[in-house]
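These are the structures, in structure tokens.
Look at the two complexes coming up: chain A is in both, with chain B in one and chain C in the other.
What follows is the complex of A and B.
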């Protein structure tokens, strides 16, 4: 890889952020983690990532945030072509039905994690989403075998070899 | 007899009776009726006109809805069937003898003849008819004015009924609200109890964990890292990002990003400790010790927060046992803000809670007032804004609570109506189950002897002022 694929976490409660980042630690050798405490900060962070020629592979976003809420942030990410492919996940205990529907329809929400989360389920979602991202982008699956879903990556590898012929 | 003057009915009747007694022809026309006999039925077309000589006849009308109404009682000297007879239309009523009676039965075709053939009868009969008509007309007038009175009375009663209904509606709403609050109170009390247990277990366990950890570390620098971690509050992501850069400079041999992030969150004392033990203790172990302390710190902060939230929720929805207590309104405001903190996240909340005297009142009820107003402010500021809550004393006898926002304000045409029951500009389905309207807030404040005033600020936004008297007894 000639550039980095970031995981971005947006959460305003610092203790909760600590816990989220802790559960993402294992991915960090391949996917550096960036964090932001609100949507405005997150917008600066993703801009910084894009400016250095890197990508955001996965956005994990709380909904109830000070200022702009999580769903609105995800919608703005979806409409920015730099981040349309970024996988988008809501991690929240408080998004109501309407907000969630909006997130699905307008931000193409990929997954919804309800708080409190469990480490195992949480990490499985992260693996699945990042695997989808890597496959969609057509990156060399071999590079990610160690941290992501190796079965899906292997299938993707076979598929791409088949189409190469 | 002078013209233009109506003799009274009896006089004319006795004259006619005399005429009858003197004429055999007329005597043949006198017919007797027994009590209950029907002279004619409603809807009949009448061929005869009766002049009642003795007894009485009742006129009864059955309305379309089947309701039967006694209209008139006719006495000697009255014509029976005169209306139908003179208009030629079907009878509007049924005539029935109320007692054994006698009447002069005159056929329609014969009437003109009688009047011509018996000039003696002509004038008295005409007079009697006039008098009958006049009687009916008078009666009609009386009925008209009575009906008018009745209508007025009905209208008045209707108004009273409306007022009573409105009051009923209000008290119904209040009861429902009280019921809701009571249910909420019970729920919260049960919930608080249930949550307090795990929360205190969390707190206690984390304390035990601290002791265990301290004993486990056989190395001073390791236990030192743990203690530092224990005292470290989490950092904002902006600070972490900045400090990661300087941490990378300070520890250039550390390549793992997650390790750098953790080091970045440590205070300087930890950095010094890491540097001094670099040769003896692996840095990963030092960082782990710090992290252990930090996470236990987080557990403690979080479980204390749970305990505080539960406490606020409990006092927020406190069931006042009808007795007013000496309260500091500011405590209620603080509880309310904590309970609503989730919704207030989007707003800048400015508190200026100046010293105010305690007053006798119901904290839990007043909290609903703050809740209603604050939730309304949240609703009109979905994208954030400013909420200002002030308290101040005016002299020793008055407390003023002012809650204002910088939202769109209250439309001027609605400002007088917002405290009316059922008034709402939003869809039903109150958020938090509490936004039950300003009418109830108004009522609660009124019961505390105070009043609410709503206005728009010059610079924009709505302002609610609650003025409460200081009551010590």
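What follows is the complex of A and C.
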């Protein structure tokens, strides 16, 4: 890869943020993790990532945040063509039905993780979402086989007209 | 486009190699031979160090020959005693050489097979008789991989088989060596299985293309008679080798491949086209219709019926056809300018025995293709072997067909490193194996492959070729 694929975490409570980042440790080497405490800070972070030619592969976002809420942030990301393909996941205990519906309809939410989460289930979601991102973008699946869902990546390889040379 | 140091060296060496012969006067080599030598240097440097993609170099080779060596080119507009230039159509015509058309037919079939899941469904059926004992599962996976890669590309077969073995690998206990055995068995069986038919892998095309320029036609079925016994023995060896090196701990393995054959009209049309084409290919010796002509059946039938669409055609691996055509085209001028003969003439071959020569060609081919593309290896070596055999300098026992087969098949026996073949790269990327495990097993296969190819060349192939 000639650029980085970031995981972006937005969470205002420090302990929760620590727990999230800890569960993401295994991915750090391949997918650097950026964190933000609120939507405004997150907007600066994604801007910085875009400016250096990198991408956001996965956004893990809390809903209730000081200032702009998580769902609104995800909607704004969805409408920015640089981040339309970024996988969007709400990690929250407090999004009401209406907010959630809005996130699905307007931000094309890819997954909803209810707090408190279990490490295994959480990591599986991260793997699946990043796998979808890599396949959607058409990146060389071989680079991600050992970290992401290798079976889905092999399936993607199979459809990609590989040849001998 | 950024080039690394190796690529820059290759670029410089290639350009330098192209230009220098223009300023030399090599005794015994025609003027056109000098030009061809320059093009050969450039092709070799670019193919080996890859400053450009290998298929791009191939088209460049065709273009340079049209420009510098054809009757319509810049230099040789009329025949003289030392060189009668070919028309440019001879060079660009290699893009429609019968072997290219044969591969096109194979590509269309393989593409359609993947589209309608025929590859996976065949795997499911073929694996059933192998039960659940680890050693037989391993054998079954290798046999199926070998069969599929004889008709599809080795690489596509490996990718498909990975979807079959990765769930098994994931369920095995962490320290079970079977994991490594499984992950190595697929690329190895695919590399070897490709040898079995003319369309199995591009080096075979290089062999058949070079021989056809000498007026020798190897029918599809005859190739299989020559190659399949070798493939079976090599697969058996790899099976024993992997079982020995990575002794399975578990005593039972479950393969859960669910699914059923696609029974839509289009899928049926594909099954019929696949079956008929393969049947006619294998029986070429009986009915005499050339395999390249038969290869048009799936192309015509599947496009007329809409089973293969415009989008599918666009996705075919055209660059492989360019690669092979570039090699065939290079062979044309090496022969017609007298370059190949000159290279051959500059070495005292008859001091070697013909068997020593075969061993040398096999060893060099295996060594080179561990680091280079298998096709490039075959392309660079075969013109030399062909002129060596046709010029007679290597003595009576040195047979043109046999030495070509030795090079072609040896090129497919290289599987020491992740970069040796694309199937190896796929297996490596799963993280289930380490490079040193692949190297250890791959070196054993390389050495065994060399011995095997030479034994067949001495004892088996002559039975059919004389």
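Convention: the second predicted complex is superposed on the first by the 161 of 165 C-alpha atoms of A that agree within 3 Å, B and C clash if a C-alpha of one lies under 4 Å from a C-alpha of the other, contacts with A are read in each partner's own complex, and residues count from 1 in each chain.
Just so it is clear, a residue touches a chain if its C-beta (ideal position, glycine included) is under 8 Å from a C-beta of that chain, and two chains touch if they have at least 3 such contacts.
Computed from a predicted model, the values in this text were never measured in an experiment.
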| item | value |
| --- | --- |
| Which superposed partner A:142 touches (first chain B, second chain C, both, neither) | second |
| Partner chain(s) touched by A:150 [first = chain B, second = chain C, both, neither] | second |
| First (chain B), second (chain C), both or neither touched by A:159 | second |
| Partner chain in contact with A:69 - chain B first, chain C second, else both or neither | first |
| First (chain B), second (chain C), both or neither touched by A:14 | first |
| Chain B versus chain C as contact partner of A:50, first or second or both or neither | neither |
| Residue contacts with chain A in the superposition, chain B compared against chain C | B |
| Residues on chain A engaged by chain C in the complex (per definition of touch) | 141-143, 145-146, 150-151, 154-155, 157-165 |
| Footprint of chain B on chain A - complex, ascending | 12, 14-15, 17-19, 21-22, 25, 28-29, 32-37, 41, 45, 64-69, 94 |
| Partner chain A, residues of chain B touching it in the complex | 233-238, 240-241, 256-258, 261, 291, 294-295, 298, 301-302, 342, 345-346, 383-384 |
| Parts of chain C lying in touch with chain A, wherever the complex brings them together | 54-55, 111, 114, 153-156, 158-160, 162-163, 166-167, 170, 194, 201-202, 315-317, 319-320, 323, 373-376, 421-422, 425-426, 429-431 |
